[in-house]
Structure formats: structure tokens, C-alpha cells
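Each of the two complexes below includes subunit A, the first together with subunit B, the second together with subunit C.
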Partner chain A sequence: MSWRRDAALAATSARQTMSARGELVGRALFFGVLLLVFSRLWLVMAEEGRLGGVAAANFLWYLALTEWVVLATPMIYLTIEEDVKRGDLAYSLARPVSYLRAKFAEGLGELAVRCVSLGVLGFGLAWLFIGRLPDQPLALLWALPTGALAMVLLMQIQIAIGLCAFWIHEAAPVYWIVQKLNFVFGGLLFPLTFYPDWLRAISEATPFAAAVYGCGKLSFGTTTSAALTTLLWLVVWNVVNAGFVSVVYGRGVRAVEVHGG
Partner chain B sequence: MGTIEVDGLRKVFSVRERARGLGGAVRQLFSAPSREVRAVDGLTFRIEKGERVAFVGPNGAGKSTTIKMLTGILHPSGGAARVLGLVPWEKRRELAYRFGTVFGQRTQLWYHLPAADTFALLRHVYDRDVTDHKRRLTELVEAFEIGPFLNKPVRQLSLGQRMRCEIAASLLHDPEVLFLDEPTIGLDVNARAIIRDLIRDTSRERGVTVLLTSHDTGDMERVCDRVIVINHGKLLLDESILSLRQTYIRRKRVTLVTASERVDIDLPGVTVAERAPHRTVFEVDLEVTPVDVVVQAALRAGKLRDLTVEDPPMEEIVQAIYAGR
Partner chain C sequence: MKAAVQYFGAMIATNLRASMALRGAFWTRTIFMFINNFIYLVMWWVFFDEFSEVRGWMLPDMLAIYAVAAGVFGTAMIVAGGVMTLARTIVQGDLDTFLTQPKPVLLAVVASRSEASGWGDVASAVVLFALCGYVTPASIPFVLLALASGCIVFVASAVIFHSLAFWLKDTEALSRHFLHFLLAYAAFPKTVFLGWLKVALFTVIPAGFVTFLPVDVVRGGGWKVLLAALGGVVIYGSLALLVFRAGLRRYESGNRFGVRA
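The block that comes next holds the complex of A and B.
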């Protein structure tokens, strides 16, 4: 059955992620250093009254949430780009499993390991560096479903980037552009409320804001309806991206069937 | 019905031509000239159940393109093909359950995990029943002697061990046809011999049809009974390995080990291929002088300690076929 196959692929990928500890440790160290630096920065700015009366803790928790979403998303575009360039994708077509679906399942397995390990580490360090939870700690309970859907959305965007290799061979430049757009429109370091109105309006119309800002803003507190609206937007963006990725993949595979791998 | 039936199969690729110089590069931005390359050009052959066929040809002959079409990866430009009664590019998913593939430079094993984990995953990939999977896995672990390193991460295995696991993985779902593309590439002599024996024995025991491409003629001789030679996408030759030897052997090598340090045979069509003290290798053109005449001359030439008559290496035979001789 397909779901069992997907689960097996995800579980195998999760085991492989856990066995490649070096990358996990590297990401964890980066996450830790980032939180340490920004915790000092936010504390100084709060002392100088430059945070508009918002507690420094809320800002640090904002960063912990947004970085958690970004860092836990597997760099799946690299695998797909390599598979397209080396022709491995073509050979995978001779197996009774959809390449796209398999990559998605494998990505979920990797994502699950990173989501848990970086979540425990990041939230632990945020609490350690700033010494307290955000003003509305219960809002953090929404972080798990919101974060998970946000990571899946960013992973889907990465899949689409990887598939660009069908036409442009090197997907890295596309990734760099999308990564910067994600930093800006997603509000990775600063909440969108800090942006001028026009930029905020543009940002909110992108999937990056739904993913990164959608999760980060929980640090400033939320209501049930606001949290559900965020989740709904994430579902919508995920469906739209899934459709987009399927179309791109279908075109790429047709090119492989005609022109070879 | 043959297991693999290929009839007038064609594949034409459109290849962009690179323009020279800066001007050419700029022009190419607007219109890129392309030319057609006939990778496979009207190929026809038929393979019966349980046959082991070597599919050989020089680089760019169209071997991999043909295999890609037979596994449904690539759609042909013309002609027809059926594998196990199905058109591969129309029933790719359905057919994938019934064939196995080993592509020498690709892997289906998870690099950081033990091969056992990939084998467990393959049960789900091929929707196999738990009992059937366990039985087959036990058989393969025993036959391929992979038990001692089954639980070691793949990255720690030697290339030979990895290839044994790779072939075992491709046989786990009991395929009826096995496509092997350069399965012994990069392996040392011992590992190559093991892999060849495993493929041949598995095919004999289970009636698996094998289509093997390789540049190593040893693979062809040790594994297969029949050879299909192609070049420029066209069929050059399709016959048994035995008859290939009989038809294409026009030269033999006669090695003499003699009491005297040097020996000479003065016959037309007989040349010295190698010479060392007490040992001389002659190459005999059989169309000019039959081998028995050479042997008689050798007996007269001096006191013989040993005499060997050999066919030329398969490599030379295949080269001769490529060259159209």
C-alpha cells in the first residue's frame, strides 16, 4: 500500500539523517550561536528602549521560531539537482515508485528528525539565554502544527527549486535568490510589523510570510482564530505548491522520456 | 512470445551544436542550431525466457539507450518493443515489479545505513509479502555470502561487497528479467569473478532472463550464452558465444617452450608475437597456414617442453567485429 511505502521511505530517511550526525551538529551549533548573539542584541536594545515596549524575550523567541522553521527544512533541492544532473532521476523511473512522491516522503523523514532535535535545542537555548518564556507562553503550543506545515511548505519550494535543474542545470542560483526572498518576505530576523506598509503588504502575499512569519509571530501571542487562520493559509499554500511542483515535475519527466536523462 | 521482443526500435536525439567564438556564442542565445543523432537505428532482436545475453558495443553504440527504452525510461522515436508482453514506456510502473536493474555506477543502497535497511525498505517499494520477502532475503544472503557485512553501513563496504549487495537488492523482488549495465565496472579480478558467477548461477537456478551490457569481454564469456553486438545503433551481430568464437577466430596463438633458447618457424602467415629465452609465442593466420602445419613445424624445430594453442582474447574478436572485419 502506498502510505506504508511512504512511511517506510520516511523512516529510512529519518534513520539516515540520524546516522549523519555531523550535519545535525553543524546546524545545531549555528542555531546556538545565532540565538546567543541576538539574545545579547535584543537585551541591549530593550535596555535602551528601542523595542517599542515589547519584551526582549518575545523577540528572541520570535527568532528561535523563525530560525527553527528555516533550519529544520531539509536542503532537498541539492539532492534533486544532483539526481537530475547525474541522470539518477531517469534511472529511478524504472522503479515502481514515483520519484517525486519518494523524495517528498524522504524529505518528511529528514524534516521530522531536524524538527524535533533543533526544536528541543533551539527552544532550550532561547529559554537559557533570555531566562524566560514569551509573554503568552501558551501560544507556543501552536508552534508544532504551524512549524510542521511551514517546514513542509518550505520543503516543497525547495523541491521546485531542485526541479529547475531540468532546464537550467544549476539550481543553486535560484536557491540563493529564493533564500533571500524568504529572509526578507518571511521576516526571518525582524517581524513584518517592523516593515513599511507597502513592503509588509507585498510580504504577506507570499508563501514565505505564511511559513516563517506565520510561525514566528506566535511569540507575540495569538488567539485561537488567528492561529487557525495561519494554519489555513499554510494549508492553502501547501496545496498550491503541491500542484505547482507536480506540473513542473511532469514537464521535466516528459523531457527525460523524450531526450534522455 | 519472447521475454524481450524488439522490432525496428529507433531513438533519435536532437543535439545542440556549439558555435565557435564569441560571435557564435551570442548568436546561439537567439537560435541554437541542432542536429539529429540516431542513437538506436532500427534494432531488431528477440530474447527467450532464461537466456543470458551480452549486449555489447563501443561507447556511444546505443546500448544504454536501448536498455533505457526497454525499462520504460525513454520513449522511442519509432519501432516497437515488448518486455514480458508489455510495452515498457506504456506500462512502466507495472513492468517495474517484474524486472530488476543494476546500473554499475548508480546505487539503490542508502549510503549511511546498512544494506539490511535498504532490503527492508525494498519490501515496501515492491509491495512484497513479509514471508516471501524473508525467505528470498535468506536465500540471497546465503547465496551472495553477504551475511557478515549486512549490518555494516554501506559507506564502510568495499566496492565488491557493495556490488554484491546491489545485485541482491535487485533480485529481492524475484524479477523475471534482469538488466545489468556494466555490473563489474571498477571491481578487482576476484570481485568480478564472484559477481559473474552469482549472476550466471541465479539466472540458471531461477530462469531469470539476463540482458547484460559490459565493456569487459570476461563478463560476456562467463555469464552469457549469446551475444548481440551493436554499433552506431545498428545490429552488427547476433549469435551464440560459441559460434562467435568459431566464426570470428581467424588467428590462433601458439606458445612453444623449448630446450633450445631460440626457435624459429619459417612459414607464411606465422609471425612472432612474443619472444623470451626458451619461450616463443607465434601468431598464426589460419587463412594462410592451418594450425596443424605450424604444430608439425614446431615439432621439427627443436626439443619441445610444452606447446599451447590458444584462441585470441575475446577482446580482439569483438574489436574485429566493430571494425567490420
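The block that comes next holds the complex of A and C.
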């Protein structure tokens, strides 16, 4: 029964996301702009023969995959932060629906719409700007499960950020930092293979690398075992983060119960 | 004119006092924005460590363009933070309270808010200018003029994008994303942009006037480049005034009762 309720919440959220066209179109255009800018960069590097024999297309498709994961993840921390700050969360505690589960379901609805729309547009534009698929196009099929798990992982991190509002009034500064750590450790713009060994080692120990680089590196080709290993890591990080979010939420709610919402 | 400048100065001073009144939030946002800017630069450090240059554009140039972008954006947020919510102000009918004041409406709206995070950007700009190695005591007046011109073009572009709300109504998300595009181009190695894209960056998305020309001034471009940058101020400043005035004639009151002290 509760699954049906979750599905209804997700469907409502998906409809709301589709109706908020400005945000969706804005993200899509931003995705396009980034791909255009970086296609220029990689084409220049390829013209000058400085990519060591690797096709410029692989690098642009890398960005298309990493940005797809990042841009499709809903900004769910904003609504959670708002609910905590305004005290709306306190009212939801009395309802027979878990607040956390409801937010997760709503986030999944939003994520589904963005995942499909940005995926179709982003991959189409990557093809248009660079004129071809990566060297091993079939590896892109792995992007479907990898991307989905990566987006769910990043969404869980967003939930944790939103819950920070229990203790610090504004979660936005925490979001900025986590977002940039995601960009750097995840290898948003450039593959982790460019990184010096020490930074690469740190990056690979974070969930950001599993989510962003894990999906992006498929543009350089993969094997079944490598793709399955990436998926396994994503499952592990999702479980770890789910546990972390539950603990943070439990502590936050106790603070609300003690001090009042 | 003198009265308008005095009014603008008074608005800025009042907003500064207001944002600094919440001392904790002010320092949190400032420090986090400062860290945020440097984390992002790590990716470009990785890139230039791998490739050393892109058509003559090297890491110090990247530091300089980031310094300009941070300085321009930060200053805009401090002195004209209201521009980032202009579309919402228009759509929600909140211009009513500004229209009743005996002051220039556009000036009053853009100067009605000051974002504390802008100070973090300005602090980043100072450090980045010191690190890039291009700024000398003799060049400081040029650098400040270049930053001022970039800032005015940025605010003028924001006014134009947000004024779309007079005609298209709910365009806040779209207007916000337009500014993100502008910043995406503005903090990129400019040597990769050629042909029609370069033309677009000096017209539709004026990143050329916001950072490209100012950064050339910082790199020792001299008077001619500075004059070209100031030309952008005249063009985009006039265009912003024309578009806002045309939009204001279509403005429908929100029937709001309110007073701004």
C-alpha cells in the first residue's frame, strides 16, 4: 500500500516538473551551452594533435554523461531546507507518511522527468556538436543503469544537505561546497585520469567519483566486468548514504521534538 | 544625475548595514563563497597541468579571467543584488512599491538588495589577481575601470534577460539560467571561441564585454582595449534602459499595498 502512495507522490511530482517548463528549458539550454563550449575546447585540442590519439568525441561524450547525471538530479535540498526553516516539517511528523520517504518519492518523480528529457537533448546535442558517437558506442548502454543509480545517490546527498538546516539556518553554503566537491572529486569536466595520483586516490574514495566519473568514463569504452563493478560501487554508496540520511534525519527530528518546530 | 548617484550610494550603504546585521550568516556566506571559487579552479589547474596551454592561454590567464569574473559578479551582487530577482519582482507585481517612490525605478529595484556572498567573490578576486601575476601598482586603476565596465555590462544584461518577464511572464528560471550561460562563457579560455561564436559572445551573450575585454586590460591591453570595454557599457547600458522602460509601459499592477522606507 505504501508503495502505491510513493508512486502517487512520484507521479504528482513528475507532473509538476513537466509543468515548470522554465526550469526544465533553462537546464536544457545550460546543458547545451556547456556542450557547445567544451566541444570547441576539445576540437581545438584535437586539431593541435594534443589528445594522444584519443578522439575529441570521447571527451565531449564524457562531459555529456557527467553533466547529464548532475543536471538531472533535483535540487531537493531547497524544499527540505525550507520545510525545516519554516517549521513545516514539524507538522508532517504527525502524519501517517514518513517525511523522508515522501521527499524521496517526490524527488524520484522529478528525477525521472529530468533524466529522460535532459538525456535525449544532451546526447542529441553532443552528437550534433562533435558529429559522431564515441569510439565504443555500445558502452553507452551501460549509462542507463549507471546514470539512474548515480542520480539517486546524488539526490540522497542533496537530502542530507537539506537536513543540515536542522542545525545551521542556511543549507545553501553547504550545498555550494558539496556541489564543488562533487565537480572536482567526481571529475565533472575532466576525467580523473588527468588528475595527479594523490588527488585521484582521494577522489576515488568518495561517492562523487562513483556517481559522476563512474558514468562519464563509459564514453571511453568499458568491459562487462568493469561496468558491473561500477554498478556494485554505486549500490554500496547508495546503501551507505541511505543509512547516513536516516541517522541525520532521526537526530534532527529528535531536536525538533525536544525544542519544538 | 547627482541626486541619483547619492540615492544609489545611500541604498548600497543601507543594504550593507542590513546584510552585516546578521553577522553569522554574513560571514558564513562570504567564507563559503570564497572556498567555493577556489575548489572550482582545481579542475582548471588539473587541465593545465595536463596540457599546459590552449592556443597560448595558460593557467595565469585562467586565474586572471576567474579573478575578473569573480570581481564582476561579486560587485554586482553587493551593489545590485536586486537584479537577480527582478523577473519575480515584475511577475508578482512588486514593482508597485518602487513606482510610488520619487526615484528612478530601475535604480531602486536593482539596489534594493545586497547579497553577502558577493563579498566572498570580491575577496577571491583580490587573491586571484595577486596570484595571476598580471597586476602591478601602476595597472590597478586600469584593472578597477575594467572591472567596473564588466560589472555594468553584467547588470545591464541581467536587466535585459529579467525584463523578458514583462512580456513572457514566468521567466525567472529562464532568466537565471541565461545568466549562468553568461558566466559559463565568461570564465572559459577565450582563445577557443572563433567565428560566429565569437560574434555571439560580443552580442547575444555579452561575455566578451563582461570578462574577455576586461581580462585583456588586466593582461596589459592598454587604453584601446579599455575604450572598447567602455563602449560595451554604453551599448548594453542604453539597451537595458530601453528594454526596461518599454517593459514598464506593459507592467500590470499587483495591487500591492506597501511602503518602502
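Annotations
We take it that the second predicted complex is superposed on the first by the 261 of 261 C-alpha atoms of A that agree within 3 Å, B and C clash if a C-alpha of one lies under 4 Å from a C-alpha of the other, contacts with A are read in each partner's own complex, and residues count from 1 in each chain.
By definition in this document, contacts are C-beta pairs under 8 Å (C-beta built on N, C-alpha and C of every residue); 3 or more make two chains touch, one makes a residue touch a chain.
Values in this document were obtained by computation on a predicted structure and should not be read as measured data.
When the two complexes are overlaid on their common chain A, residue A:Val256 makes contact with subunit B while staying clear of subunit C. Residue contacts after overlaying the shared chain place A:Gln16 against subunit B, while subunit C stays out of touching range. Of the two partner chains, neither subunit B nor subunit C is touched by A:Met75. Contacts of A:Arg27 after superposition on the shared chain: subunit C is touched, whereas subunit B is not. Judged by the touch definition given at the top, the superposed model places A:Ala242 against neither subunit B nor subunit C. Considering which of subunit B and subunit C touches more of subunit A, the answer is C. When both complexes are overlaid on chain A, the residue A:Val54 reaches neither subunit B nor subunit C.
With both structures placed on the common chain, the touch criterion links A:Tyr91 to subunit B but leaves subunit C unconnected. Subunit A uses residues 20 to touch subunit B in one structure and subunit C in the other. Only residues 13-14, 65, 68, 71-75, 89, 92-93, 96-97, 99, 101, 103, 106, 108, 110-113, 117-118, 120-121, 123-127, 153 of subunit B touch subunit A when the two sit together in their complex. Contact residues on subunit A toward subunit B in their complex (touch as defined above): 1, 4-5, 7-9, 12, 15-16, 19-20, 88, 90-91, 93-97, 256-261. Contact residues of subunit C toward subunit A in the complex are 24-25, 28-29, 31-33, 35-36, 39-40, 42-43, 46-47, 49-51, 54-55, 170-174, 176-178, 180-181, 184-185, 188-189, 191-194, 197.
For subunit A in complex with subunit C, the touching residues are 20, 22-23, 25-27, 29-30, 33-34, 36-37, 40-41, 44-45, 48, 50, 168-170, 172-174, 176-177, 180-181, 183-184, 188-190, 194-196, 199.
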